[in-house]
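Okay, structure first, notes after.
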Amino acid sequence: MTVEETYDCRDAFAAELVRLARADDRIVAVCNDSVGSSKLAAFARKFPERLINVGIAEQDMVGIGAGLANAGLVPFVCGAATFLTARALEQIKADVAYSLANVKLCGMSPGLAYGALGPTHHSTEDLSWLRAIADLPVVVPADPAQTSAAVRWAAQTTGPAFLRIGRFPVPDVSPPGEPAFTYGRAARLRDGADATLVATGTMVSRALSAAALLAGHGVDARVVNVSTISPLDREEIVAAARQTGAVVTAEEAVPTGGLGAAVAEVVLETRPVPMRLLGPRTFAPTGETAFLLEHFGLTAGGIARATLDVLGLDAGGLGAGGLGAGGLGAGGAGGVGVDDG
Amino acid sequence: MTVEETYDCRDAFAAELVRLARADDRIVAVCNDSVGSSKLAAFARKFPERLINVGIAEQDMVGIGAGLANAGLVPFVCGAATFLTARALEQIKADVAYSLANVKLCGMSPGLAYGALGPTHHSTEDLSWLRAIADLPVVVPADPAQTSAAVRWAAQTTGPAFLRIGRFPVPDVSPPGEPAFTYGRAARLRDGADATLVATGTMVSRALSAAALLAGHGVDARVVNVSTISPLDREEIVAAARQTGAVVTAEEAVPTGGLGAAVAEVVLETRPVPMRLLGPRTFAPTGETAFLLEHFGLTAGGIARATLDVLGLDAGGLGAGGLGAGGLGAGGAGGVGVDDG
Amino acid sequence: MTLAQAAGGLLLPDHDAIGAWRRLRDRLAHADRAARAAALAALAGGIRRTAISTIHAAGLGHTGGDLSVTDILTTLYGAVLRIDPARPDWPERDRLILSKGHCSVALYTTLTTCGFFPADRLATFAAPMSPLNGHPSRRAVPGVETSSGPLGHGLPVGVGVAVGLRLRGSPARTVVVLGDGELQEGSNWEAAMTAAHRGLSSLTAVIDRNGLQQGARTGDTNDLEPLADKWRAFGWEVAEVDGHDHLALLDAVTAPHAGSRPRCVIARTVKGRGVSFMEDRVEWHHKVPDAEQTRMALEELR
Amino acid sequence: MTLAQAAGGLLLPDHDAIGAWRRLRDRLAHADRAARAAALAALAGGIRRTAISTIHAAGLGHTGGDLSVTDILTTLYGAVLRIDPARPDWPERDRLILSKGHCSVALYTTLTTCGFFPADRLATFAAPMSPLNGHPSRRAVPGVETSSGPLGHGLPVGVGVAVGLRLRGSPARTVVVLGDGELQEGSNWEAAMTAAHRGLSSLTAVIDRNGLQQGARTGDTNDLEPLADKWRAFGWEVAEVDGHDHLALLDAVTAPHAGSRPRCVIARTVKGRGVSFMEDRVEWHHKVPDAEQTRMALEELR
């Protein structure tokens, strides 16, 4: 495999937000002492008045977001995904979703991105938590292009939204020449007839690599990138079940309430076929992100093995090798260290 | 149908807690200005020192629960399900589940029990929210006997647990002569070969009624009561899929992260069969509980119709009639009114 | 579904009521203090009576807190807020956020007296498919700025509104009405700190200080005193007034600002105010009057 | 998995270290003030050096906050807390809750000086499968009373511990160590109110008042001042001391109680204390020293 360039999607997020804010002075950013980890330093320099850093107070942050929207502004409310969601969930439900407030919630560094900072900082429950809330679009971009496009979509649409902005480095996965993100639509990145790998966020590039591995085993796998988790693109999922007969989902989130559960429901109600749902289901042990992804089988190899398993094929010879790269806490390296939300 | 006696499970909860507290002075109750709605008045009279009413402060309440457990007590932390979960979710994750604290979280009046008090007071997301948290048993008793037994189980077990204590009146569903509640085990309340109705909480009696309706349509439906949502009794679900070939789930909760999703995963990974997942998926309109259950198809008729649908049978002749009973706000009646958590 | 259809649907402005309310506002602006007090008292009496009847008819409501907050809402809508009930989303409007959302009936009733929607729609309160839910929903009710009901949400939202209006250069003000028990929620203190840090002098919090919460006295549950000291230590200007004295409320809310601090008005009130057998009785937090109690209450409120 | 296996596993008491710690405690109990101050300073110096090395080796940590809280932890574990490191779950122990859990390295290091587990295990900090996570986990680390990391969790838990110990008739005390930025979380004020209402005189909160949070000064982010007034208005007894003066801390924490109020010790500290190029520099909140910086820091801390 060639070494691909990988990107922290927060950079695309931050750059796009600055671009949009230049053209639209209704756009403001709100954060919880997370100017650094939400990558808002450039925004703060350019629009100091329009950055509202409330300090370490997530309930206040989301409520303030709702108030800003009420006053006619377009707030992007940014914080580490787990604190934003776990700490302010009732504000998200009542002040944002139920109030249909024009608030863009931006969950930064989700999933296992905080690596060795541990389960208190991991945000693996967020997709389950947010999908359960009505009228709240949940968007998970898979690469920089999708991230920028999703931020543009959020700015242009009136109403609540949650964007899950990845930190763990990912390569480009969006096919050039097509719109990188269409709200509510999943993207078929690779066609295939034997099984469908349905992935989101950081898992999309790994699903593509898994498909390459599977090709070597004679399995022709389709790869679908679901960047809108809620509402789900039912048609694409129905087509996957009907046309390929087996589905594997992969996400950096608890699957039984996240993407996995969303896909499972559609499959069961339309065309029941065997599935495997990949994602962390326990609190993580200590370790950097790449290690934890391996630990939970969230690698190209892990996805490929689950696919062979769901097809009843032998996984012998398929190593445990993943796409490990990036992650936090390179021992002894020194440097800026790891912010913590 | 004969008119059955129905019960508010909070009464069984409260009585059992007093019984246990008499024998074990480590048992304490914690609440958020909800002595009335958590039915703790008798407890407060008998053990005034052991009732810690923190006022309207749910984060504090759950943290205090964890602290009491640390000090060697066995706290039952009680509040309206939506405030307990939405407002203190990070405390539930970090202080209780991840800390393996011996805290019993008691979510009172869940689902649509608060009727016309509206979506801010409904707790339909709680099962999705809590199932996503590792190491947190989630228990939903279906009748008074199960409620008492679940409270006893919680008091005797060391570690975190969430009990969802219903308010909407339900009849007895537990078969006499058997243990009413066994942690981690689902109960087959009615055998059947054509489809399985998997229900929890308030929906169990309605599933039994649905099975009776279905019998009139020549459909032999099995009914399974899942009182431990997490961890799920996989065996009973696998048996349902294998032996009956179709599954309908029913719950007073968002199904795509709750019971429905839990069952769906097992079915898909073992024996994919057609399913229907019943439960509210939108914010509710105004109305009392019985009306809202009708609105969301959570009635005997609704469950039966979904079963015919999943079997590809005609639902003609099956009226929309449910089991409407109880609920809040009988116009012009006067009385004690409705507490609000 | 007949009731549902009758109850559901959009709430549209009541132009007759708007006209009457505008005339009242004009009159009050030029009236002397005695006349102003009398007019506001009359308005409040009407709101109390309608609220009681509405709760009785629906079989649902928070009688005690509705009666305790009535004079606060009356004063604000009757003499303070710059709003246009015909255009509930007028960008330059003052914002009123009822954080103690369980007192929706007092709010809904007050909104009808301004003409946001017709008073006869109050009959659908809590009925199937009604826009008038047990707690105010921003989706359905014109004049409701944010959905409330879970306590401790209003002040952060109010802070956001005030920050936003200032950013937009609007002179409009933001008033948040809170319960006292509600102040046990830490979210309020987060917002209080932020409001002071940002010098939000256009923000006013009015505390309905009735000394009772759902199940007991605030002092017995989790004492808030010294309450004024708390707000001062959090950087707010504090005024304490009789929360049933319309002119005192009016003066406190409209007094000129000495600096850039947000203002907290601690309005000393009586829960159940105006109905002898409800006053200061904790059980009337959510108790619903029966026919006889309703009759007696309406009598006392005449 | 070799590293993982090496790193994982149970942390067991280090009996040699426990012996040394017990002797130190005995010695300090009978020493004069000067000797006590010197011994605590030496202990703190060692903890700082180990913490710096641990962070450098792991490539992860919160250097600034670790250095600012070290003297607080040293004083508490060195001279105050009644604990038995051989029996971390001794029911009668005093409880120390580090609410600012990001400063785990200072805590872990301090715990090894008491012998809760061997100091050589610090080398596994943040390594795959290590019990020594970036934030302290109650599951894995003896001496950790509750998992912390998300800010604003420690004080409510401490209140619960104090209520529980009193119910059980235990005289043990509860100390919660908090960051200053952390006080922006409203959950702290909920707990503060409850603690005062319940007269929890066995509860002490020590604030690591270094004036910095993650991204900027607290005063520039969301000002906490007047901080002592806030605690007083919430019903606490307040002492303000130099948070690097062990004896001043000791006196403040152990002063006899005048009444039933919980006590707040505002410990004025310097973030990055002891390393000139880190002191009061916001970027050292989570910056990790490289080899040269580590050498220089250890030099300065000698």
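Read from first to last, the chains carry the letters A, B, C and D; within each, the first residue is number 1.
We adopt the following convention: a contact is a pair of C-beta atoms (placed from the backbone, for glycine too) under 8 Å apart; a residue touches a chain by one contact, two chains touch by 3 or more.
If you're wondering where the values come from, they're calculated on a predicted model, not measured in any experiment.
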| item | value |
| --- | --- |
| Those chains which touch chain D and also touch chain C | A, B |
| Which of A-C and B-C has more C-beta contact pairs | B-C |
| Inter-centroid spacing, chain D versus chain A (mean Cα positions, whole Å) | 35 |
| Where chain A and chain C are represented by their mean Cα positions, the distance between them in whole Å | 41 |
| Inter-centroid spacing, chain B versus chain A (mean Cα positions, whole Å) | 31 |
| Multi-chain contact sites of chain C, meaning residues that touch two or more partners | 137, 147-150, 152, 184-187, 190, 193-194, 222 |
| For chain B, residues that touch 2 or more chains besides their own | 54-55, 57, 59-60, 82-83, 86-87, 90, 94, 98, 119-120 |
| Category of the chain touch graph - line, ring, star, complete, other | complete |
| Chain B residues touching chain A - in the complex, by the definition given at the top | 82-83, 85-87, 89-90, 93-94, 97-98, 119-120, 124-125, 128-129, 131-135, 254-258, 260-262, 264-265, 267-269, 272-277, 281-283 |
| In the complex, chain A residues that touch chain D | 33-37, 53-57, 59-60, 82-83, 86-87, 114-121, 285-288, 291, 328-341 |
| Residues of chain D touching chain A in the complex | 4, 7-8, 56-63, 101-102, 126-135, 137, 147-152, 181-182, 184-186, 213-216, 218, 221-222, 283, 285-291, 293-294 |
| Residue ranges of chain D touching chain C (in the complex, touch as defined) | 184-190, 193-194, 196-197, 222-224, 226, 229-230, 232-235 |
| Interface residues, chain D side, partner chain B - complex | 91, 95, 137-139, 145-150, 152-153, 155-165, 167-168, 170, 174, 186-187, 190-191, 193-194 |
